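Look for chain A in each of the two complexes below; its partner is chain B in the first and chain C in the second.
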Partner chain A sequence: MICTGCSCLCDDVEIRDGKILNACYRGYKVYSKLSENRARALVDRREVSVDDAIEKAVEILGQAKNPALYGFDTTTVEAQEVAVKIAEKLNAFIDDNSSFCLGEVVEAILKKDVPSTTLEDVRDQAYVIFYWGANPYSSAPRHMSKFTYYPRGMKRLKGYEDRFLVVVDVRRSETAKLAKKNAIFIKVESDDELVESFNLALEGKAGKYAKEVGTVITELKRSDFNAMFVGLGLKYGVRNLDGFFEMIRKINRVAKLYLIPSAFHSNMRGFNEVLFEKTGSINKFSFKEQRSDKLFAFTELLKRDEIDAVLLLGTDPLSSIPFEISKKIMRIKTVVVDPKMSLTAKIAKVVVPSAFSGFESSGTMVRSDGVRKRLEPIEEKEVNDLWILKKISEGL
Partner chain B sequence: MPISPMDIYKLLPKTNCKKCGEMTCMSFAFKLLNKEKKLEDCKPLFEEKKYEKQKEKLIEILKPLEKAKETGLIVNEDLCNGCGNCVVACPVHVERDPHGAMIGKISSDDAILRIENGKVRVLNLEICRRYGKNRILCIVCRENCPTDAISFLEG
Partner chain C sequence: MLRISKFLKFEVEVLVVRDSLNEGAVIFFHPEFAKKIGIKENDLVEVSKGDKVLRLRAKLSNFAPENGAYMPNNIFSSYFTENNFKKFKANVEIADGKESTVEEILDSL
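This part shows the complex of A and B:
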């Protein structure tokens, strides 16, 4: 079975004698709480049949002047394709969590601004494993043990003894605690200063972190394959991400360094790729104006009261977005498609219960490095995200 | 809290009476820590009243011993989040499971540690390098645990 708890999409998870083997605690929790707090088909908080709920959803979306579609990060690529079609039909805004997650990094990789590689190659060849602003211990627990630092690979026969770990963080995180032998932990106050130190070091000058940066560059030069994993700490740490990508390109002139986003929702990259193929942008897209803009991010749309209806799939903005902004959802007509009775589902106009992609419905998902994985569900439920979105699309 | 043989020795009668079968109280302390002897083997401690307080303290100190496995391994499941670093890093697994734990896929039944229900579980302790007479004090699993969920009696 493939675990869809995070973007690692671990493919060696087994269920034997009622026990779930090999999955981390995060994946186990998703699986063990599968049947708890399931959503029911609701219209105006009254229980109805699924078909009636879908009919009402179609009515709301069809009548809306400025509808938006938001979420789609935990569903399959097939469902995401239908969602993009619905947005096109409605001339709607479409956005996902990547607008405040690692969207920019995925965009830079898809546009081939920075070199990237697959996690299998990292396992086989990478020498320097570089975590910047990421703590895989909590975001993707098996990241280090399954793909990057610990496993032995073709050119790294001794596993972690054959690698060099670099951790950059503002605090001594759990991942930073692992930086012991053959490793360096750089505690930064500002990520910008470290970017500047790297730029200066490559020009032969000394910046604030000259000693640490010197060690890292020496180690990078020792191998022709190094990998950097960036997390949200970087995105919210540096003022200018383009400057960071420029630094990666500069480093690549002296040593090969590939960039991979560390972890996010199970299929966030899938959404970015689907929309990129269709429109050339990865998120925050308006089909009415045929362009992507910062102002079209879901949070911005809510702030400026620009939308009057929204289709939310597989996301719970009331608990993930600051309440100051997300409370505005209560003022617009909301259609929630979710397997669970989330906080947003409780205040929604229409709730359509769905299935968990990966556990209860099949399809394809894209891992954080862009490798497509075919899901192997335990059971197949008829009413899943794809079925619901197709019905809505037909209704429109 | 790691327990040292010295801590145990300090609380023993220190008379080297040899009633336990050991030559000295110090060697008895070592064997106690390795689970080769039991505290009840120290007869004076239980028979003579003047050692009453020391006996109580020793029982208190040796409580973690009951939790520990034969190799001195103590797993605190509350701290574990199932990252699997210990399973992949373990040198025994490399030899036993070259297509599984060695390359990060942890699936073998023939392993010392395995992740079950999101927590690390001990499966086959007897293949651990710390087990038996010719043991070596390997600490690879503890070294690579980010939350100190794995610890050993000696610290």
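This part shows the complex of A and C:
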């Protein structure tokens, strides 16, 4: 079974005699709590049939003047494609978590602004394993053991003994604590200063982190295959990511360094790819205006009271975005499609209960590095994201 | 014994991080920093920012920033975040009573 606990999409997780094998604690937690707190079909917090909830959802979205669709990072590519069609049909805004997560990194890779590679190639070949603002211990617990630092690979026969680990963070995270032998931990106060130090070092000048950067560049030059994984610590640590991408391109003039986003929701990259294929943009898109803009990010639309209805699928804004923004959901008509009774579901106008993609429904997801995976669910539930979205689309 | 720190308030920078193992109304301090500001493991602390106040359970962790704290990414941390979703400054002081609940936050809507 493919675990959809995070964007590693580990393909060796098994359920045998009721036991979950090979999953990390994060995947285990998702699976072992699958039956808890399941969503029920609700309209105005009253229990209804799934059909009635969908009918109400269609009515709300169909009558809205400025509807938005948001989320979709834990569902399948097939469901994401239908979501984009609904947004187009409604002339609506569509966005996902990537607009405040690692969307810009995925975009730079899709536009080929920076070189990227696959996790299998990293496992087989990469010498320097570089985590910047990322703590896979928590966000993707098997990242290092299955794909990057620890495993043996074709050119890395001794596993981590054949690699050099670099960790950059503002705190000594669990991942940073692993940087001991053949490794360096760079504790930064400002990520921008470290970017500047790399740029200066490549021009032969010394910046604030000259010593650390010197060590890293020397190690990078020792191999023709190195990989950097970036996380939200970087995204929120630098003023803008363009300068960071420029630094990656400069490093590549002296040593090969591939960039991969570290981890996010199971199929965030799938959403970015689906929308990119259709519109040339990866998120915050308005079908009415036929363009993407930072003003069309779901959080910005809420801030400016620009939308009157929203379809949320597989996301819980009340938990994940600033409360002053998310509480505005109360003022609009909200349809939540989710396997769980999330906090946002508790205040929604309509709740449509769905299945867990990967565990209870099949389809395709895209791993953090862009590799597509076919899901192998342990059961196939008829009422899943794709079925619900198709019904909504037909109703519209 | 009277705890002097009970009457003190400190401004602390709090990071918001993904932490799949720990959920709920908790805040993690580096042991050295906690010692400096007089907070012990499992103390109840009041975290406030403007007119927003939550009572959280204090935990000690070597993975916390050396001069600050972190909170798992959930409704309790989102309650305080603004434009930077991953970092905020708040005042911390020792409190009495019980941890804040999700319901209290939802009731404020």
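Just so it is clear, the second predicted complex is superposed on the first by the 396 of 396 C-alpha atoms of A that agree within 3 Å, B and C clash if a C-alpha of one lies under 4 Å from a C-alpha of the other, contacts with A are read in each partner's own complex, and residues count from 1 in each chain.
Assume a contact is a pair of C-beta atoms (placed from the backbone, for glycine too) under 8 Å apart; a residue touches a chain by one contact, two chains touch by 3 or more.
Values in this document were obtained by computation on a predicted structure and should not be read as measured data.
Of the two partner chains, neither chain B nor chain C is touched by A:N267. By the touch criterion defined above, A:Y150 reaches chain B but does not reach chain C.
In the superposition on chain A, A:Y25 makes contact with both chain B and chain C.
Of the two partner chains, chain C is the only one that A:V170 touches; chain B does not reach it.
By the touch criterion stated above, A:N226 is placed in contact with neither chain B nor chain C. Shared-chain residue A:S368: touches no atom of chain B or chain C.
The residues of chain A shared by its contacts with chain B and with chain C are 25-26, 29, 138, 141, 174, 177. Touching chain A in their complex are the following residues of chain C: 15, 17-21, 62-66, 70, 73-75, 78-87, 102, 105-106, 109. On chain A, the positions that touch chain C within their shared complex are 25-26, 29, 100, 135, 138-139, 141, 170-174, 177, 232-233, 236, 318-324, 326-327, 330, 343, 346-347. Within the complex, the chain B residues that touch chain A are 80-85, 87-89, 94, 102-107, 114-119, 143-144, 146-147. Across the interface of their complex, chain B is touched by residues 12, 14, 19-29, 32, 123, 137-138, 141-142, 144-147, 150-153, 159-160, 174-175, 177-178, 180 of chain A.
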